[in-house]
Structures are given as structure tokens and as C-alpha cells.
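Next up: the structures, one after another.
One chain, subunit A, appears in both complexes that follow, with subunit B as partner in the first and subunit C in the second.
For the complex of A and B:
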């Protein structure tokens, strides 16, 4: 643990200016991930800029019928909001599936998006990790990789390999809702689609998002989404509570007669980012709402999947698990009783 | 003598409860000290080799750093100590995470920062950290950690298996597990002149004193160890670990200053012991009626290269069932990892998984109900010692559990009950744990009729002192009840004092032995007191006693028994596992305090649930350390994993075990619980999982 300066600017612009000007500075919101990293020696900022109170803590109705969520809104408050529960149940469910009550009371909307992977080797300073120490190698490839990726990972070359997953549940729900992220930077404000906020590791696994140093998330906008009123978040994990997803499914579906007319699917626990399952969505629309369709759609999404084949516990089991979880989630939404 | 129960058997609230609830009961780290110093260690980043250089200059230069100790500068310890306790005594590295230096500073943050600034250079050597049953390094130990022989063969089990009408042969695996009490291991040490005073999170103040006196070449009287309240232990706080020796060593270099060291959660995975992983080859042979003709239980398990610890895994199979022939054996893989230690029901917990799953497999193979199979193999006398039982009510536990669990309505066909998308099944397993009495606990009873403890005129109060430990199990309440009955007074007249070597020597809170060992000493002291002073003593009258030998030892086999029932639900699509219901029925002698006993049983069952579904220390053998080293990575069961949990116990009147008629209850709750869940998972799905923890991938 390295000593650091602590600053509390008067406004978001001041916070952005301070962090932008100092490569060693970092934003502090709820602190539920960053404070752990300080203790572990994983984050060594010279200055912490506390943004508590500098971004909105309100959830407001947008003119288009959507909602705007201030970056400072706590996870617990977002999950409890009546409008979120009625209009975007997938989001409320995802939030409540995450962490614990105590953590949700602290964690903010902006901070949740920017939490980092829980890969054991990333969090352990004594083991190689390309995300933490670029070029040092990936310990997970042949290590304990139960929580790791099957989609979009970098398996080689060794000096950039990364099979980490993004741990957020909330972000998976936001991906399926086509959320937009508002960001304030030294150059001004910009808006990024949620599904473009997080990166795949590519050749630069140390970068989780497309944000520049000093850019601050100020709000998340949800567009109106009639389909979302019938949506679900199904999280499959090793423990019934307080565990990260092995695989999670955020889904919304519209069925007319027996035919699927619209579908939204996103996956968590499978990639370096919340994974919008567009191939699955394409396979669903126009098809009959049956288990066979749901399974085929999941498999369509997995065509390019590549599990971690580790002798110490890889992710091959996630291929059938994704198929099972997508099938169960969509079956649940369509209210049918058919089982594997 | 046998006590007449008045307080025993009634719900006695924890006398220390109000203080704990108010946050006023001091745990080790909270012991107040003037200007304490804080220790933070530097830990080895390799599993085996040698430290070639340590550069402490950046740490030394930091404001607030008082001292940086290295193997070159550390005070010397006695040579006559366990290898694991030789902290900072040589440059050799024998495990990842080993202490290689330590910083003391005026704040904990500074100590931690300085420790990160210490630069260590190593000469690395090849290490072995994977448990491999084909390893050429496997060896047969002389004894188990209990002192029992490693191997035991009766008759010719291989021949019996060859001739058996029905056989089951299977290999079961259990994981390395870490204890993880809420209160981390903590030491607060100060040297006052030639004396060492330690506040310690320990299950055994006397053992800690003994270890520290040995390490520093002191008389035991020159070491005080104090632990009135301990925030959980599960066995890791039974033995003394390098952290305690390190803190005392560092404190020696700053005499008169108090040094505090509480382990981080990550460090709890490095240096304070664990339950070793096991590989268990079990074979059962039976005649067509289901009578066992052979039991073999052959185990390969982890230990540390520098210090042997042999988990008594197969010991469970030595006495549980009648069988014509029998073999139990243990082979140990010496690895370059930390030293294992006792963890709740060492041996019985992992061993019962293999043995009780195999019984279930045999029941399926025979087409016999698993309860009936156990009843048919109930021994007349203890198969291990040939002694009659002081009391054995396994069958009664099974029968009562069956009644409570509606067992008679169970369709034995696997994968036959699908409810709302979940496969449901039920399973049973048996449990046992020996009655353990450790010698040497010193108890003192003293009358107090004046001053703070008495009022001079009314009825006398009794101060009862013993260096027992309460790690949450309820010793404060149980010993108060025993003392009250032994002195034939109400509990309100007892002032118990425990957790301090000032009260003499005492055995640990371990081996489910506390109530037996401490209670027998208190009863003996009370008897002497009453013989000498009657019921109207003068202020200051006192009598002492040490745990007496049990006159019935060697005449009777003494064990507690139990039966676990579990209902398991497995998601038909995703394989997720939940346990809607668990039931434990136990026969464990007189239950001294039903209030805390229920928690003991439930806690054991919960730990068994946790072992069944979650607990696994993932040892990455490339590096030699556990990589899921926090409570987000190392899962312990949550309330959401289980529905209803019920505990019931049967009344047993056993005059042979001890004056209280009690058997230990701290550990039996975990024994067999994981097997009941695995057996239920098989009944639910038809999939037999022989490796713990049971995770959803098994059912995909």
C-alpha cells in the first residue's frame, strides 16, 4: 500500500481536469473494487480524486420515455427504483444478483461499469499477468480459469494473451438494453454505446475500456424499450449468493402466436466485456419459440467460441452451460414448460 | 463420580454474550497498548530455494519504520523447535508465502508500505506442489497425527473382495480446504524484562505458551498467553503457526514495545495450516444379504516436505461397521507447500465422504435401502479395539431421521422426481466422532465472600479458573453450568475465568475434547472443595485438581454417532445445485447446553454443506500457492444455498464417558454431511460425483 493524496474537487469538471493532468491520479467513487486494489498493491495511485457527489445521484425520466441514471446512483437504489423494476426488470434483477447488500449500498453505477476482472492471477502480484504487467504472460491460460472467457479472448501470442472476463452483472443488463454511457473528458462530453465501452483484450489486455485517462462517466441513459418490460437476468454461479457469474444471460423476447418477432440477448461471464449475442438474436427472430430454437440460437453465438483448455480447470464446460442457460432463460420468458 | 444435572441440560445463555454484542469483549488485536507497533511481513515469491540477498534500504528510509528484520538480523531461536516455527532463522525457502523478512512501524499502513519496498533476490530450485498418487516420493508414515498406526489390516480383504457376491470399488477425492474463521490469526506480543506476554487468537493458550517457551528458551512460567475471546478457529488456531513466533521474535528486538500482527485474509491461505487434499480408494465387498465381508480404504494425501502431518482419513473405516476383513492405509506426498493442520474433524470429515458414499453405492448395487444396509452391518463390539460400547445409538439416529425425513415414502429410483425444472433427491450418511479426553487441565475452585466477587454475608460465590478456550463453541456457558452442578449451586453463583495461562495449564479447544477434559477437572476440583470446606466455605478457601484419568478407559469404546439426511435439487438445464433441506440426528451423551449445542451441530452441518458444494483451495502447483486466496474466490456456503436445517439429538445416559455423561459435539456435525449431499445428488440425477466440491459441471 502506497500513500496517496486525497482530493475532493468542487465539481465534475474539476475532477476531470485534476485526473487528466496527472497520470498517477484515479477517480474514487464507491471504492468497492479500488480500495481492495490499493490494499493488494494492485493499484498505486498517487492521488485519489473522490467524485462522490460530483455526478448525479438521481434517476430521471427522459423526454423520449427512457430513463437517465446518474453515475453516482448506488446499485441498491437503482435496483429498488419502481420505474426500473417495472420497465427494465432485467436491470433490477442483474443488480440484485450482484455482490451483497452491503456492497450494493456503496457501489455506484459508474464504478460498477469500471470494476476490473477478478482473475486470481490479475489480483496476485506474484504471478505473471499481461493485464497487470504487460508482456509478463497469462497465468490463467494453464491455470485456474473456471471464471474465464470462451468468446473474444486473446489466447496467443503469449505476451498479450488474456482470457479474463468482465465481472459486472449490471453491465450485461445494460448491454441488452442498448444503454448509452455519457462521459465527461478534458475535451468535453461524449456518448458511448454501452456495448462499445468495454474492449476485447486484443493486443492490449491492460486496457479494459475505451475511456481515456481522466474521462469520467457521468450518466447512463436507457432508451425506451417496450420489449424490456418482459425481460430477465438469469445468473448461473457456483454459489447461490455472493458469487461471480460462471455464465449469465440477460434476455428479452417478444412472441406473436408461436413465432419470435423480436429478441435481445446478452451474456456475462464469457468475455472481456458484456457480450451482446447478436448471432443468437438473429437466429431467434422469425423462428418458433421452442427449446430447439433457443438451443440453436445459443449455439449460433458459440460458433467462434474458444474455451480455455487448462489442465487446472478451464472453461470447456461453459459451452454447454451457455446453451443450457440461454435455453432456460428464454423458456422462462416465454412461459413454457419444456425441459432438457 | 457422576454429576446430578440441574443446570446441565437447561438453556444457559452465554455469560459473555452481552459484552460481545456490545463490542466490549476484547479479541486479541483489540488488547489496548500504549503506542503499539505494527508488523507486516515480507513473504517468499518462490516455493523452494534460497534467499540470496535482501535490500531493505528503501524500507529502512521510510518515516515511521522502526525495524526491518531479515534472516541475517533476526534474533536466534532455539534449535529444538518444529521446522515450521524457525522463522527468519535461515535463508532457505520451503514454501511460497514463507516469511523472509518483517517490518515494524508505527502504523500498519507504513509497515505494509515498507514491506512492499523490501527487495528480495532468490536462487530458485525446482519444487513439487501437485498431489500425484504416482509420485515416487510417496511414503508410508509411521503414524497418523492422532498417534494411531498409519496402516491396519485384519484378515485378507483382497481375497474376501475377490469372493464377495457384490463389490463396490471407487476412488473419491476431497479438496484442500482452509479454515477462515472471521477473526484472522492475530498476535499481540510484548517483552517485559525477561517475560513474554502474548494476546493471541488461539484455541490453546497452554500449547501456545509451550511452543513460545521452547522457541525462545524460556521457562513456561516466563510466558503469559491470554485469549478470553476468540473469533472462531476450526482447528487452525489449535497449533501455533509461524505468525505467532514471528511476532514474538520481532517484539524481542523492540523490548518493552507492544507489537501487533493480524493476518490479512490472503495470508490466511499461506501459513496457518489447512486440511490436506485426499485421494481415497475404497472397496466394499458384501454377501448377497448385504453383510460386509471386506472394507478397504487406501488413502494418498498431501503433506509438507519440511514437517509431516498425516490426516487420519481412513480411521473412520476402522470402527464404523462390522466386516470380516479390513484394510486401512495412508500414503503421504511430501510437497513444497505449507504444513497442514487440524481442521474440524480431521480424518473423519474427508474419510466419511469416501466411506459413506461407498456404502450408498453398495446399497444401490445390492438393491437394499441405504439405512437398512447400515443397520445390517451394525457391530456388537467396537471392531477396532474389540471393546463393548459405552453407548452406541447409530441405528436409533438413522431410524429417527428416517421418520422425520419421510424416508419410507422415498422412491429409490434415481432421477425420478422432477419439480419445476429441478431434479430432487434425498440421501443419507452416518457420522461418528470419538470421545476424547486430554490430560493435564488444571482447575481451581475458590470461594469468594468479600470484595467484588462476594457480598460477605449472603451465599458464597465461587470463582472457577481454568485456562480453557472459547472460540465461539460456548465453553463460557457450558463450564459455568458444569461448575454450578459440581458445586450444587445455581449458575448465578459461578464466576468463571478462562483463556489465560495465569490459571495454569489446560488442553485445547480441539478434538471435541473441551467439555470432557475441562469439565472433568472442574468436577474433580469441586468435589475436593466440597469434601474439604462443605457448602459454607470461608472467603478464599480453594481447591485444585487436574483432569483425572477416566477409570473406564480401556474397558469401553466411547464414540458419538449421528445420521445426516439431505434433500438436493439439481437444475435440469444448468446443473446448479441447491440443498432444500438438511437434517442431523445425533446421539452424543448428555447435551450440556442445548442453546449452544444446537449451534455446534448446525455449524458442523453447515461446514459439511460448504465442503460438499464449495470449499476448495486451488493450489496452482506451478507457483506452489493457493490462488483463490480471498473470500470471493474461496467460497463458503451462504444461507441461499440451503433451505431448512434441522437438528435433533437423542437422550443418552452414558455413565462411562465422564462425570457429565457428555460426548464431544464440536466436530460430529460435519462428519458425513458431504456424503449425504453427494448421495442425495446421485438420487436426484443418477450422476455419481466422487470428488468434492460437487459443482454444476458434473451435471451438464
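For the complex of A and C:
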């Protein structure tokens, strides 16, 4: 591990000023991903700026009826909050489906959003990876591909290819809830829609988000969302607990009579960012709430899908898995409604 | 680069000077000779290093010591009082909830923190109704216990007996 200085400024402005002025500085929050990266040699900051206690650790009621979540709120506390559980169950479920009890006690809201892909090649310094070392190539395309993308990835040219997925469960729920991310930078505060925070790899896979160096997430705002009271997060993974998603679905739906009047769907485990499934949503609204509709909506989202087809595995299996997971999630939500 | 800090471990306060790269786990094991917290994967994937950090179960291998100056750490060594074993330690013995024992201190610290979380109304992903009022605590069946303990791996595969041990203490505490 490369030596680093440790600083704890008095406030968030001071932390932002310190990191903004120093290309070698990095923010430290819960550390669950960053400390591992320090050890792997993947992150080599010269200064760590600890923001613990510098952003809010409170969840507060917003004047518009939504909730404001301080960036320092731990994942365990966010999932346990009774307002989150009652009004945004998809968020509580997503948090609880992620990581382990110990990690949820450590990980913060801001840090969860900024965790990096768990692509094995990204984390292995001895293999080419365009995200870690721009221009070196993508090892996953010919390698062990399983937790990799089917949507929005860059397959060529080779010097920018990237099929990594974003690992957060929480972010997928926040995408379906139209969350807004508050960010403090050297120039002041700005607000970014959650679905615009993370990027697709495009020609620059080394950049996960639109944040500039030194910008600090201070809070995540949830707008009021009556539809979210009936929402769910379904996660498909290789073991029953403590594993990243192969595919996950965050969904909320409103049905009047037999007709879907509103629907929100986002997918995890399929792209470089939490994937808001707008094509699926369009296919759902106005259609009857049946399995055929749900399957057709999932397939509409996958029209432009391109799986990794590697000699050592691939992600083609995710296409039927997305369809099945979306169908099951929506069936579960609408089934519950019939018994209400 | 070095930093001076204090840690209170199992009730005893220690002053130490560490390289900023030192984790809480390495501070315990290499600087204070407190070896009950174990180093397994050193990547946050196995749970062997679990301690209670300011009362909450935490992975000491992913916690930088310098970021926890002034914290209270409880390891499996510090759970019992007055020479008596903690009820979970007794239950692990009674149920033969280990084979090699390497993961056991982390399992037990994790279980202590987990029972407190459940008593405080923290749900898990298998809690049937997340919108329910959980202020009286969450009743832990075997599925709940297994899910909540999933951050602690046991390569000997003693899981069935670990669940037995935690189950016994969970329901003894509820009945109390």
C-alpha cells in the first residue's frame, strides 16, 4: 500500500477545498471499497480526506413530503428507518439485499453510490483493463465474464472497450425513485438526478460518474412518490445472500381495474450504471396487468441488448433472466394488490 | 506517515503510534497483541475480523485505525464479564458450533451485534413485512439468523450448529 497522509477537515467545505486543490487526494467515508482498493494497489492517493461526520447522518422529512438522506447515513440505518420502509420499500429491500450486516453498518449513502465495479479484471492489476488503465484493453471480453453488462457497454474499439457493471443495489432503487443527488464542489452546490450521476462507458470507461475531482456528495433527496408505497426490489444472484447481483429489478406499478396506469422499472447488474428501463415502462403503461405484458415490456427494454460472448462464459444468460426477473417482480406487485 | 491515537479495547485504553495505513485489525493484532480478531481474507469478504466498534459489528480489516481514534473496540476476548463466558460463547460450546475455530471469534462478535440490531428493530431482507412496526424487535427464526449471519463465512461448514447456538440465545433473550 502506498503511504498517504490522513486529514480530517472541520467541515465539508474544507474537505472539498482540500481535495479539489490536490489531484492526489481522495475522500474517505465508510471505507468498505476504498480501503480494499488501497490494499489492492488500485487506489494510490497521497492524501485521504476523511469526511466522516462532515455530511449529515440524519434522514429528514422534506417540505414536499419526500425525504432527505444525509450522505453520511449508514446503509443499515437507512434500511431500518420506518419512513423508508413504509414509503419507499424498494429502497429498504435493495439496501438489505446488498453486502452483509457488518458492511451495511459501515457503508454510507454517498460512498455506496461511488463504489466501483467488482469486475475481476478491474481489481487485478496484472491484467489489461481500460477502466483502470485507459488504452490497455478489456480482459473480460475474452475472459471470465459473468457479472458483466448486456446494455450500454462499449465492445469496441479495443482501446476503450468496457463491459463492467455498477455493483450497487441501493442505486438501482434510487433510480426508480427519481432521487436527486446533492453535490458540493469548489464552485458551490449542484443537484444531479440519480440517473444522470453514473455514466455509460462510452469512449472513457475510466470515469464512473459525472462528478469532477473534489466534488462531494452531501445528500440524496427522495421526492414524494405515492407509487413507491407499492414497490419491490428483486435480486438474482449466485448464492442466497452476500453476493452481487447477476440481475436485479427495482419496480413500482399502479393498476386501476386491469390496466396499468403507471410503472417504474430499473435494472441492476446489466450495465455500467443503474439502468432505468424507460422502454419497459412505456410498454407497460396502458396495457393489461398480465404476464404477457410484463414479458413484452422486458423484451422491449432488451431490443438493443448486446451480451458479452466470451469463450469462458458470457452474459447471454442474462437476457432470459432479465425477462423472468422483471415478470416475477411485476407479478408479485400486482398479485399483492389483488389481495389488498 | 504516522499518527498518534487511542483505542479502548475490551475495556482497556491504549495509546499507540501507527502508520496511517494500519487497519484496526492490524493495530489490534500487531501493535497491541490482541489476537482474538482473526485475519481471514483481509478484503471484507469473510467476517473473521468482525469486532464491535463503538457498539456495532464492523469489519476491522476495512477500518483504518487512524480514522477511529478514540473508539471503543470489543473483541471476542472482551465479551464475557468477571471471568464468565458470554451466553453466545457458552452456546457455541454447547452446540459444537465450530470445527477449526478460526472464524469463531468473528462469528460470536457478529452474533452479539446482530442480536442487538434485531432487538432495536432492524429488519433484514427476509423479514416478512418491512412496513410493520418493528420497535418491539424482530423475531428471529432460522432463516432470519442465517441471512443476518451471512457476512461470516465458515469454511469448515459449521453453519447448522452456528444457527442452533444463535437461535438458543436469541430466544433465551426474548423470553427474558
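Going forward, the second predicted complex is superposed on the first by the 335 of 340 C-alpha atoms of A that agree within 3 Å, B and C clash if a C-alpha of one lies under 4 Å from a C-alpha of the other, contacts with A are read in each partner's own complex, and residues count from 1 in each chain.
Heads up, the rule we're going with is that contacts are C-beta pairs under 8 Å (C-beta built on N, C-alpha and C of every residue); 3 or more make two chains touch, one makes a residue touch a chain.
Since we're looking at a predicted model, the values are computed, not measured.
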item	value
Subunit B versus subunit C as contact partner of A:242, first or second or both or neither	both
Which superposed partner A:321 touches (first subunit B, second subunit C, both, neither)	first
Which superposed partner A:313 touches (first subunit B, second subunit C, both, neither)	first
Which of subunit B and subunit C A:120 touches, first, second, both or neither	first
First, second, both or neither for A:3, with subunit B first and subunit C second	both
Partner chain in contact with A:31 - subunit B first, subunit C second, else both or neither	second
Subunit C-contacting residues of subunit A that also contact subunit B	1, 3, 39, 240-242
Touching residues on subunit C, where the partner in the complex is subunit A	1, 3, 19-21, 23, 42-44, 47, 50, 56-59, 61-64, 66-67, 110, 113-114, 117, 120-125, 127, 130-131, 133-134, 146-152
Touching residues (chain side subunit A, partner subunit C) in the complex	1, 3-6, 28, 31-32, 35-36, 38-39, 48, 50, 52, 76, 79-80, 82, 85-86, 89, 92-93, 96-97, 99-103, 105-106, 240-242
Residues of subunit B touching subunit A in the complex	45, 96, 109, 112-113, 116, 264, 266, 418, 421, 571-576, 578, 613-614, 618, 620-623, 625, 627-630, 632-633, 635, 637-641, 695-697, 700
Residues of subunit A defined as touching subunit B within the complex	1-3, 39-41, 118, 120-121, 123-124, 126-127, 139, 142-144, 236-244, 246, 312-313, 317, 320-321, 324-325, 327-328, 339-340
